[in-house]
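Next come two complexes, and both contain chain A; in the first it sits with chain B, in the second with chain C.
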Partner chain A sequence: MSIARFWRETPRRYNLGGSKCATCGTVSFPPRVVCPTCTHHRQSIGKMAPFQLSGEGEVESFTVVHEAAEGFEMQVPYVLALVRTPEGPVLTGQIVDVEPGEVAIGLPVRATFRKLREEGKAGVIHYGYKFSPRTEDDPAPPRGRTAPVPREAPAPERAKA
Partner chain B sequence: MRDVAVLGVGQTKFGELWDRSFREIGIEAGLQALVDAKLASENLGGLFLGNMASGGLLEQEHIAPLILDYAGLAGRHLPAVRIEGGGASGGLALHQGFLAVASGLYDYVVVGGAEKLTDVPDSTASQIVSSTADHEWEVVFGATLPSLWALVARRHMHLYGTTREQLAHVAVQAHEMGSKNPNAHFRNRVTVEQVLGAAPVAEPLGVFDCAPLSDGAAAVVLGPLEGARRHTDTPIQIRASEVACDTMALHHRRDVTANDATVAAARAAFSRARRSPKDVGVAEVHDGYSISALLAVEDLGFSEKGRAGPDFASGQFALGGRVSVNPSGGLKAQGRPFGAVGVAQVVELVRQLRGDAKERQAPATDLALAHDLGGTGATAVVHLLARAG
Partner chain C sequence: MEAGIVSYGAYVPRYRITPSEIGRVWGSDGATVGQGLNVERKSVPAPDEDTITISTEALRTALVRGAIDPQQIGAMYVGSESHPYAVKPTATVVAQAVGATPNLTAADFEFACKAGTAAIQTCLGLVGSGMIRYGVAIGTDTSQGAPGDALEYSASAGGAAFVIGRDRVICRVHATRSYTTDTPDFWRREGQRYPSHGGRFTGEPAYFRHVTECARGMMEAVGASPSDYRHVVFHQPNGKFPQRVGKQLGFTEAQMRYGLVTPRIGNTYSAAALLGLANVLDHAGAGERILMVGYGSGAGSDAFDLETTDALVDFDRNHGRAVQWYLDHGVEIPYAVYAKFRGKIHLAEG
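== the complex of A and B ==
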């Protein structure tokens, strides 16, 4: 995959940036220019505003993959899931930081920023979201960095005069 | 719009055809169909060719004129068009051929489907197959086509109590029918225990839950129903040809345990033919994965939602059952040369309706259904066929 092709999607893959329809309120991920649920869908054109997902969700279905997708060969067996977010969209992603046998439908998860795959030894490294388990009393994921990360890096603090 | 009939059929063996090239198998099926239809090539109006991925699989695009050329027809300067819709490419090509004849613009056309998956390593072929899902938002995150169908299977099991054993019956039945089909990729019978004990691909699906990567080609000749008896004693009318689409990614579906595109295409087809699912006696449905067959029979109206598992396990869809499903062996056993599948389904149904299916002949029926699907269900094609009265 060319560098530009992956790079242009980084706001979505790194930060879970989606869109919200100003007409009906439907949230889409990845973002869309036309709302897929508005009855008069043409009226939504130009009214789709940026919207950030919280990164929380629940496992709706899952599988343990033994025959890997390209670039995922070193990760088998890995868990792939459909994750339903409270904002509405369902995302496809890996479930990590848990034994495959402990994943179940209904498991609460949170997005975490991880390396997805590498294009060989000298190629581009693809990063993006995966999901790790979240518990009621400990909403922070066990390891890794929580998503969403800030849309833009915060400005460095000024040195005090 | 005028009525359209299938006048001739042709098909190669499906399987690992290492000694045969793409152009050889493409021509073989087409010429068989022309001979079967007793059609002089000067009456041919054009070629519609279903193919999923010749570029990735063969480093050859622009294949419709290639096949036409090697069929000896380049000098006639006929129109030849390739049609792509993932796994539904063959069904889509048939729809285009149907439109061409129904409109009156063309009288006779050949609709072919051809794919060669074994000229590249299995891993390359599997990647190309997975690209019929949403590459940017599924495959980049670790999904393969079987893993997405595994997500469907797990959800279906969760909601409806479907079991691994019930899914296994789909493969057992497919191999049973494959054993009766000389063109089938797999002609061996398997047991439920063998299916359950096979290596996992994406749990809960194992090797026997997944259709193989096959080479193969199929073709039909279509023409106006009026005058069809000049070509065949048993013209088979296309009573409906319908296409419907849905979201590209599985995660955007209304309900991942249903293919709404199949529901929409089937509803439109039954409405156009003024028939209902109860009238169908024999059907070829998409069983790229065992779970796909369950969704198909539910979405086509042969099973109540959630009941397809028990219905398959109790033999309701075996040969001579409530509906004889996939007498050819389906994608699972007859084989899965992607672009050829939708055309091969109709070839089988024409043989069934003519009463030419020998060992795998379903009881006589006046309505047959073909169901072709792309990806995880972004494209569905439904054809209804019947013997012309």
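== the complex of A and C ==
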């Protein structure tokens, strides 16, 4: 992945920065310029505000990966899951700090900050969200909305004449 | 000094390895080595954890606990000897990840195991002078000892973040004092994978001299004696050195009870004394006086005369994992998995 592309995506990867439609309230992740659920899509243009997800969620479905993607060889077998957030969006992410057999549909999880991959030994290191299980005896804090408005606010599209 | 600690957070990776497991691989009596060091087990970072991720987790906990707006952070310093980049500051990624960018100054500190306490001193100056509202000082490491070296039995991973400010101070800093000399007890040359050390030379002329001189100088400066403190925290490269130096200085085991965490998680280097302080703050009530003395090879010590305030009672300490949680939890792994996680196995270039 190019340095510029990853850099542009850091608000969403580091801080779960999405967008929220001011017209219907639908939350999107990654952020969108146009609301996908408004009946008249054009009504939402210019009304999509930056919105940060809380990082809470539960496993909607998952798979255990044995044939690793490049850069993940040290972590097999690892769990890749679809995580349903209370705000609405479903995120794809790795579940860490867990044995694959302990993951089940409905498992409560919370976003954690991890190394995603590195561009070789001399290249840039990419960081972002993964998820870890949230158990009853684990008081790990909700992340809250500690970050300010992401810089990746989608620019309003110009209405075509 | 008006500035003090307004919030803190800790993070220790999930995995653990025991000295007996390490000794099994190298043909040593690891259990005896562990007993000699007073280290029962040490933490091991997962392959996707490093000083940047650990610092971020610790700081996120601190910001939530203290309900601190990250945009009010004016300075961020991360102390470590295991920064992922030789050139590109850890603090830039951490600041971005907690939403503190762009209006702050940031830098990485390195002073062996005391870079975190040096970062606290810097933040105290900036906050105390009114230049910034909040300063963040983090001590984190994922240090390694060379395979088979004595350091391998203790070198571990962890981090602690402290937010320095003037509003709602939970722990006052009455005074801080340092003691620094040129003492080559432990070092790592540029480009070298593992550190080198002077063996027994790391003891008397290095750790013990600096910690005792700095602690005595601190107590003399504020007119205190060991019995004036409820808690004492020393840098803890193993579980044995801090116990011995505490005894030399006249502190009791009860005073060291919460400040000594290395036996359960190993030597977290830049985080070692700070995790001890975090554990003390997790357990302390209001008005309890604390002496903390950090140590970094090379060599130097930073001492802090601290006292908890009434604000600590209302502080949301239960929000997030306490240090005790990390001491009690953890998943033990065999040496082969540890070697894989720590990149000690050479893979085909591809």
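Assume the second predicted complex is superposed on the first by the 136 of 161 C-alpha atoms of A that agree within 3 Å, B and C clash if a C-alpha of one lies under 4 Å from a C-alpha of the other, contacts with A are read in each partner's own complex, and residues count from 1 in each chain.
Here is the rule we use: a residue touches a chain if its C-beta (ideal position, glycine included) is under 8 Å from a C-beta of that chain, and two chains touch if they have at least 3 such contacts.
These numbers were taken from a predicted model, which means no experiment stands behind them.
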Greater chain A contact set [chain C / chain B]: B
Partner chain(s) touched by A:L116 [first = chain B, second = chain C, both, neither]: both
First, second, both or neither for A:A68, with chain B first and chain C second: first
Touching partner for A:I125 - first (chain B), second (chain C), both, neither: second
First (chain B), second (chain C), both or neither touched by A:A81: first
Overlapping contact positions on chain A, where the chain C interface meets the chain B interface: 75, 116, 130
For the chain B and chain A complex, residues of the former touching the latter: 123, 126-127, 130, 136-144, 146-148, 150-155, 158, 199-205, 247, 249-252, 256
Residues of chain C defined as touching chain A within the complex: 14, 46-50, 52-53, 56-57, 60-61, 63-65, 70-71, 84-85, 93, 96-99, 318-322, 325, 340-341, 347
Residue numbers on chain A that touch chain B, as the complex places them: 1, 6, 9, 13, 30, 36, 60-70, 72, 75, 77-78, 80-82, 89-94, 105, 116-117, 126, 128-130
Residues of chain A defined as touching chain C within the complex: 10, 14-15, 73-75, 96-97, 112-116, 125, 127, 130, 138-144, 146-148
